[in-house]
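Next, two complexes with subunit A in common: one pairs it with subunit B, the other with subunit C.
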Partner chain A sequence: MLSYFCKRLLAGIPTLLISFTLVFFIAHATPGSPWDSSSNRPLEPAVKARLDAKYHLDDPLYVQYVDYLAGALRGDFGPSFRDRTKSVADIVAQFLPVSLKLGGAAMLLAVLLGLPFGALAALSRHPAVDGAIRVISTLGISMPTYVVTSILIVAFGVGLGWVPTFGWKGLFSASSLVPVFSLALAPLAAVIRCFRTSMLEVMNLDFIRTARAKGLRPMTIIVHHMGRNALIPAVTVVGAYTSYILVGSFFVESIAGIPGFGRYFVLAVAARDYPVIIGTTLIYALFVIVINLIVDLSYYLLDPRVRTEHAR
Partner chain B sequence: MRLSHALMASAIALWVGSTQSAVADFQGVFRMIVGEPRYMDPNLASDFSIYVNAQLFQPLARIGGDGQLEMLQAKSIDLGADGRTWTITLNPDYKWSNGEPITAADWEYSWKRILNPKVASEVAVFLSDIENAEAYNKGTITDASQVGIKATGDYTLQVVTGKVAPQFRAKLALPYLTPVPKAVVEQFGDGWVAPEHMLTNGPYKLVSRVNDQSIVMEANPHYGGKKPAISRIEMTIASGDLCTAQLRAYEADEIDFVTCLPSQDIARIQKDPELSKQLDPFPLAASEWVQYDMTNPLWADKRIRHALGLAIDRNAIVTAVSNGTARPAVTVVPESIPGGSSGDAIQGSIEDARKLLADAGYPDGKGFPQFTIATTANRGRPLIAQLLQQMWSENLGIQSTINVLEENAFRAWVQSRKTEKYDTAIQGWWSDYADPANWYGDLVLSDYRQNHFSNAEFAALVEKGNTEPDPAKRLEFFRAANKILEEEQPMSAIQNPTDLWMVKPHVLGLKHEGVLNMYHIEEASLQ
Partner chain C sequence: MAGEPTMTKIQSQLLDIADLHVEIPTARGMVKAVDSVTLSVRAGEAVGIVGESGSGKSMLALSIMQLVPRPGRIASGRISLAGRDLLQLSEREMRQVRGNEVGMIFQDPSTSLNPVLRVGRQVAETIEAHHPAADSWQQSVDMLRSVSIPDPQRRVRDYPHQYSGGMRQRVMIAIGMANRPKLLIADEPTTALDVTVQAQIMDLLRSMNAETGTAILLISHNIALVSRFCSRVLVMYAGRIVEEGPTAELFHQPKHPYTRALLSALPRIDRKLPQGLTTIGGRPPDLARLPAGCAFFDRCQDRIETCRTERPPAFSVGPGRSARCWLADEGKPSC
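Take a look at the complex of A and B:
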């Protein structure tokens, strides 16, 4: 077991290196320069040359690649070009926690609402209940987050004035309502659909009938026997969403004015802020690797069959 | 079960409570949304950061409505009989935000810092009239004492230009040419702009700044000018679609001031009986045009350029792009700039345009090669490109394709056109300072937009205008240059943009200032 996870961890290293290489060359191949601002005048060539020299952008690309990789291995991703008073590490420290809080709250909401709704949709004899839940989940999956966020802001911010239209005043403030809900909607819908399907599958299995025949209370059967078995596919779905929601949604953060990691990434791309683009992409890759590992680990804990397979 | 109920209730209470307290705080505070300033250092910023910095830092003077300098940090600005020596007497009432005096040495240090090649400031170009400034900035001389900027007394600054440069007067009012506190900059380096270190000379001081989130300013108690009526400014930082974010927040009463409107909302605002009264348009001394690569043989025949220029329906463009808030432009240099005159525009109908094209060898556009219109993806320019494509096709029978490039990629594309050929591009120019030298000299002669227009007569007139001290004679040179520019038609003008502000009725006295359309919150008050 331990060796399996060690292997998986080691396999993450080439993944990170490939991500680093790809993003490095794609960023540098994109036309445009980090120094050209949106001002009226083009940057004087002499000024551009001096800035390039100061940040070693005039070195051959392979030299920059090796230098940057050496720095990155020491944990030094260099200064941000967009805000030269800050390093990439400062930026991660400032913006990632906001996205983590927002994404954490959204995932929590998705799971806390998704599992009961999914179960309800599967168990309900009433077609209206199942139908209503299915409509919500279909909408949640098919509406892009930027549409949901815009609609919610216009309706509840501009129209009703219940929530601010823009900005961030912490997780426990009205400013987080729209972004948390917009972010939660897609994973919520996915959890509902997935959990509903797997509950329906489990429902007619022999061991459930046995449990019923033993006279166990319906709630015990639903939670302990059906729920636990149906949970495994849902965990996969949650894992897939977690990595991208925790690191920050580009759309939701930009539209709702959340100073998070996703928004900063978009700004960095527009500004050709190479160190920040590379740094943020690597963090994102790291999250995907770690969360996939956690999902695998959770199979191991949830499903005795996996444990026996590994024991063999 | 009870415990979870209690937790839920307290979470809701926390949520609601924090909203209510936030609303209560807004009294007496000016609230707005701005883009994240790229630089808080006034000597480096040339993009929209200047609007944020202008609340904190102040130049020597500003240009008044009559075109004359109104003194701010300077008590007087006098030009010597040689036409090159400017003697600037500072007003000692103005102090740094910690109460220490702002001396001529601070000004000398700051302006030389702008020129210092190591600082790599984008605004160094605005000081290039000064003796040896360009040489020092380019690194051909390393001794800063040779630059014509000298503190000759505690409060006297002497600036000598390389040659007679009447346009330097207008540059003295530029928002970038402010002092910075020498001791603080030297101690903290780039970090001097942090709220805990920054000293300002303007009406406000920086209280807090959270990157990409907020900027808070409060009145500078040591400001030498009139004390601001608004004591606190709270700026929320937006990225991406600033205009949409501003309008939403404005309509929800979260902010007091909007500096631009999304084009799709203009018609609704104009029709709304309340909101339309809060609309505050400001015609800019700016232009947008389509330009032809003058080194490309495709455009060698002047009649073709005239034909394309005459075939543009400018009213249709301003209606489609900005609901008629921009103004159709028939000449490149706006009429508000001395020298500019719409009377110089080429005259003719669509019929005349067809005839010109036929005379050039392309009757009904037959045989005219398909060409490309390049444009940036923002500012409604892709729509302008589509309209041009359609008008040229329908009116002249010539076909074009459109190449839309992301903003930063477009700037790189424009720079690379210095040596590479292209067909046409949609471009624009916003006045940097209120002087014709900024258009005929910087824009056309310096070829900032890679138009490659070269005309010896035009160049000679502009050179004469740039160094002529007598304003009336100077104007004549630029008037003559403008006629050549329009007759040669290296660019076909399209529109003069208009800035659309919205100001809440309880905000009084917020005025537009200068060609950059600056705002000065210290002049405003809250009812």
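Take a look at the complex of A and C:
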């Protein structure tokens, strides 16, 4: 069992290496250079050449690749080209925690609301309840986050004045309400839909009839018998959204004025800030690997049949 | 194995079902899954219900527990257990009957147990649902021992997939018997099991019946199994009880043509079969469009004109025996 997860963890290394390589070459293949300024005063070609030389951008690409990989393996991703006073590590340390807090809160909200609402939609005998929950979850999946964020800011920030329209004062402040909810909406809708479907499948299985024949209370049947089994497919959906939500959303962070990782990543791409692009992409890849591993681990915890397979 | 059930001397009716109707609304119309069924089971008795699939026997079993799957419902009738009308109980009171006064085991033990809960938990929760039991885990170990699970102390911690099919059905029996119910409903308890295991499970049920005095309502399509196990048999066809009587008499002198056909469809080692096994021609009727007369009319070898138009009542054909057939009416001539 432990060896299985060690193997899975080791298998993450080639994944990271492949991500590194792809991002490195795609970033460098993109037209433009870090020194292209968007301002009206472009840099002199001589200045650009000297900057290229300073940052070894005039070396052949494979040399740059090997040099950079060697640095990355030591944990050194170099300075950001956009803000040369900061290293990539500084930038990650500054911007990632904000996105992690926001994304973590959003995923927590999505799970804590998604499971009960999904169960309610599946179990309710009133078609209206199921219908309403399905409409909301369909909207949640189909509405782009920038629309949701804008609507929420206009409604609650501008209109009602309950929340600030822009800026970040920490997770436990009114400034986090709109971004957390905007981020949570898509995973919430997905969790509702997935859990509703799997509850509907589970509730007609034979062992639910057995549970009823035992004279168990309805809540016991729903939580211990239906819920435990229906949770297994829902975990996959939660896992898929978690890595995506945790690293932050460009739209939500830009619109709500959050100094987060998702926004910084997109700005870095636009500025051809190669070290930051590569560093942030690797962080994202790492998240995907670790969260997939956690999803597998939770299968292992939730489903004893998986446990026996690994024990063999 | 164990001899006669010990409590058959007590003549009080344990389960008394009168004129029960279970209906399922479908697109094709109202399906009468159980159609004016009357039956009774005495305390400690082993009663069998025989019928082919779709005859309504499982619906009858589920209706005793009031677990008829939606949109099916009990339309009318009376189900009383030890003198108490179950249909008058609230859902909360009915929960105290399920698993406590009436246990139930189902056909397929591989799907009837929750795959993600330990076997012991599944037995223990049955006890906890009805008794404040701090030692429910120990009780479930004892229950597993009583159904001959080897090494119960250890295997109580296993999950259902670690058990064989026969062991799973033993667990189902342990669950059904956990609270020493007055009645155990066994719905096709051996159908999903292979033959040697079938015999072990039936032996276990028989000893449970003898040791605890729990009455057993055995539901099966397997007429041979029922004849070996039950003292009284009811034959069900198209939602109705067509014949009823003490096992030996009913099987030696069947009064209803359907019972006769069932018995002649049975392979017998002591009988030569020159033309192979007899089968019953035709198919059971559509329960949504039952004919006006006898439901067996289309397939009956002995039908008379009355059978087409008039539904036969249950005629008494001897002590404790009845048959829903016009030919069983001694007043009428048979043709």
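Criterion: the second predicted complex is superposed on the first by the 312 of 312 C-alpha atoms of A that agree within 3 Å, B and C clash if a C-alpha of one lies under 4 Å from a C-alpha of the other, contacts with A are read in each partner's own complex, and residues count from 1 in each chain.
The criterion applied here is as follows: a contact is a pair of C-beta atoms (placed from the backbone, for glycine too) under 8 Å apart; a residue touches a chain by one contact, two chains touch by 3 or more.
Quick caveat, the model's predicted, so the values are computed rather than measured.
The superposed arrangement places subunit B and subunit C next to each other on subunit A without a clash.
Using the contact criterion defined above for the overlaid structures, shared-chain residue A:Asp303 touches subunit C, although it does not reach subunit B. In the superposition on chain A, A:Asn229 makes contact with subunit C only, not with subunit B. When the two complexes are superposed, the chain touching more residues of subunit A, out of subunit B and subunit C, is B.
Once both structures are fitted on chain A, no C-alpha atom of subunit B lies closer than 23 Å to one of subunit C. The touching residues of subunit A, counted against subunit C in their complex, run 205-207, 209-217, 220, 224-225, 228-229, 302-305, 308.
Note for the complex: subunit C touches subunit A at residues 65, 67, 95-100, 103-104, 106, 108, 111-118, 125-126, 129-130, 159, 161-162, 172, 175. Against subunit B, the residues of subunit A that register as touching in their complex are 30-33, 36-44, 46-47, 50-51, 54, 82-86, 91, 94-95, 153-154, 157-158, 161, 163-170, 172-174, 177, 254-255, 257, 259, 263-264, 266-267, 270-272.
Residue ranges on subunit B touching subunit A, taken from their complex, read 11, 14-16, 18-19, 22, 33, 36, 38, 46-48, 117-118, 120-122, 124-125, 137-139, 190-191, 193-194, 210-214, 236-241, 245, 248-249, 251-254, 405-409, 411-415, 429-430, 432, 442, 448.
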